[in-house]
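Alright, structures below, take your time with them.
In the two complexes that follow, chain A is the common piece, with chain B as its partner first and chain C second.
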Partner chain A sequence: MFSPLDQFETISLFSLAAPILGNFNIALTNLGFYCFLVFVIIFGFHVISNNNLALVPSHYSIALESFFASIANMVRSQIGENKEIYLPFVYSLFLFILVSNLVSNVPYNFAVTSSAIVCLGLSVTIFLSVTILALTKHGIKFFSFFVPSGCPLALVPLLVLIELISYFARSVSLGLRLFANIVAGHTLLAILSSFLIKLFSTSILVFFVTLIPFALFTAIIGLEIAVSFIQAFVFSLLVCSYIKDAEYLH
Partner chain B sequence: MPQLMPFYFVNQISFTFLVLLSLIFVLSKYILPYFVYLFVTRFYITVLN
Partner chain C sequence: MSSKQPPAERASELIESVPASNIVSKTGAIVLGTGLAATAISQELYVVNEETVILAGFAILATIIARSAHGPYSEWARGQIDKIKGILNQSRAEHTQAVKDRINSVEQMKDVVGLTKGLFALSKETVQLEAEIFEQRQRVAMAAELKSVLDSWVRYEQQAKEAEQAELAKSVIDKVLKSLSDERAQKDILLSAVTEVEQLVKNKAI
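Let's look at the complex of A and B:
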């Protein structure tokens, strides 16, 4: 029975089990394999675009330099002019999410970001690190973040509760947004393509009529590619915004 | 087996973090500094002109 959710299943490609070492087992799953593939693509793209460090750019290096400049601009405008120490992290995160989203748009490929545990693990880790960063930078003053400036004293207990909930919700919302978008998009494509293949293989007349919904389907693929870019951008933009909150506290 | 689920999660998250951390290391140590050198060199050439 065909299920559109089959594509998100993590399967073990090969595994190593060692019963002597306390049932130690390590497995290379399709998710692990695609993670390495994403790494190779990003690294390879940078190697191709390095242009032998020439001052005059090539076609590839123009693309990469403008890409780098736009991420650097985002970090500068969001976090601050002198906070470029966060740039490699945001740049790597953006590229990792973008390339894993784009790779998953190729048919029969696995989407790394469709794994809830990957997205939530990333967002919870970022949330914890940003909180630790804020606590080490501001100490006890960090808790003033939960009291909006200029609010009446009577409202403080209620507002602190609301701010606290919204602060903790960040940890889940960041990952859930990415995961839900990718899973929803890929499931929709799988369902629509299963309808289309049935229609295409019915008869000659239906085949030509089906070209109309197929055009719509192609547009949805374009939308999915746009979603890949938008979600990677939104994720890194929100990470920048959280780092800014940790750096400056409002 | 449902009781093995956390181990699958540990496997997935370990691979993701391993790749992401190596990506951050490689980019920040070897690739991104050259962008800065390149931009600074171009800036100086423009200023000297």
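Let's look at the complex of A and C:
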């Protein structure tokens, strides 16, 4: 029976098992394959946009330069003018999430960002890295981040607890937001398409009537494409915000 | 937009979009495509399911986005490219002008080598003349010094000679006066004078 959640299942495309080292098994899953595909697309886009290092840009390179300028602008405005050291990381992160989301919008393709492991792995890794960065940069002063300035002494234990929970919640919320949006969008499309295919196959008359909800469905696909951009942007923006907190504490 | 396009033109455009060179091969391509699609579906090589609906929707949306975004994007990109080209061309022109200006400014100094050589020769000559003047001045100063030393020497010799002569005359006079004051000498002189007078008388000179 068809389930809208089947599309998110990670399956092994190719595996190599050997009865050594505790039944050693290495597998290429659809998740791994699509991660590699995303890398190839990003790399290919950069190769095409390289434009043979010509000074006058092509139509492709101007698109890439615009992307880069937008991310650079975001990093400068969020973290600081002199903090462009984080630009390559944020740029790579943005492109990875964006291309993963866009690839998943193409039918018959797997959504890398619908994997909780990928999204939470990214967010937890970023959370840990940002915490290590803050501790390295500020040492013991980092813990002042959990005490809001000017709060009464009696409220400090409670506020520290709230701030601490809110801080640790970042590690989950960052990835969960992306994961939930992509899974919800793709599930909605799968459910709607299962209704539509039944309507289309009923009769000729219903087929033509179904074109009206189909137009709405197409608009929802457009919305999903917009969500792909928005989620990539939100994820990158929040990472910039967390890095800024680590850099300046408050 | 294509909504204002006449139907005949739209139809011919659709036929043109089929990948083949002439109308016969275009028809063949359409028939082959339809046949292959029908075969794939009937043989279950391709199963029409929920994903097909998403594929249709995505294809329509992708076409709409591509068609609506292509024109404005191309225009914007061309504008950006033209802007960059303009900046580069302007920079090239400014650089060429700067090089030309530099050439012109350097050209004004083309005689600078000859002029410098002349000035150097002149300064060399001036230095030589100054050296000669200095030498002559030294000589004049030397001669003046010598003359003054010699004059002083001559004056000293003169004075010494005069002093010696005065001393001699004084000693002679003193001696004469001393001898005159001696009685024997006075007697001798008187006797000599008497003798001379007698002699003169004898000779009848007086």
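Just so we're on the same page, the second predicted complex is superposed on the first by the 250 of 250 C-alpha atoms of A that agree within 3 Å, B and C clash if a C-alpha of one lies under 4 Å from a C-alpha of the other, contacts with A are read in each partner's own complex, and residues count from 1 in each chain.
Here is the rule we use: a residue touches a chain if its C-beta (ideal position, glycine included) is under 8 Å from a C-beta of that chain, and two chains touch if they have at least 3 such contacts.
Since this is a predicted model, take the numbers as computed values, not measurements.
In the overlay built on the shared chain, the residue A:A27 is in contact with chain B alone; chain C does not reach it.
Contact with chain B, but none with chain C, is seen for A:H46 once the two complexes are overlaid on the shared chain.
Judged by the touch definition given at the top, the superposed model places A:L55 against both chain B and chain C. Touched residues of chain A, counted separately for chain B and chain C, are more numerous for B. In the superposed model, A:N105 makes contact with chain C only, not with chain B.
In the superposition on chain A, A:A63 makes contact with chain C only, while chain B stays out of contact range.
When the two structures are aligned on the shared chain, A:I197 is found in touch with chain C, with no touch to chain B. Taken together, the two structures place residues 55 of chain A in contact with chain B in one case and with chain C in the other. Those residues of chain B that touch chain A in the shared complex are 7-9, 11-13, 15-20, 22-24, 26-28, 31-32, 34-35, 37-38, 41-42, 45.
Residues 2, 55-59, 62-63, 105-108, 189-190, 193-194, 196-197, 200, 214, 217-218, 221-222, 225 of chain A are the ones touching chain C in the complex. Every residue of chain C that touches chain A in the complex is listed here, in rising order: 48-58, 60-61, 65, 73-74, 77, 80-81, 84-85, 88.
Residue ranges on chain A touching chain B, taken from their complex, read 10, 25-27, 29, 31-32, 35-36, 38-39, 42-43, 46, 50, 53, 55, 65, 68, 87-89, 91-93, 95-96, 112, 115, 117-118, 121-122, 125.
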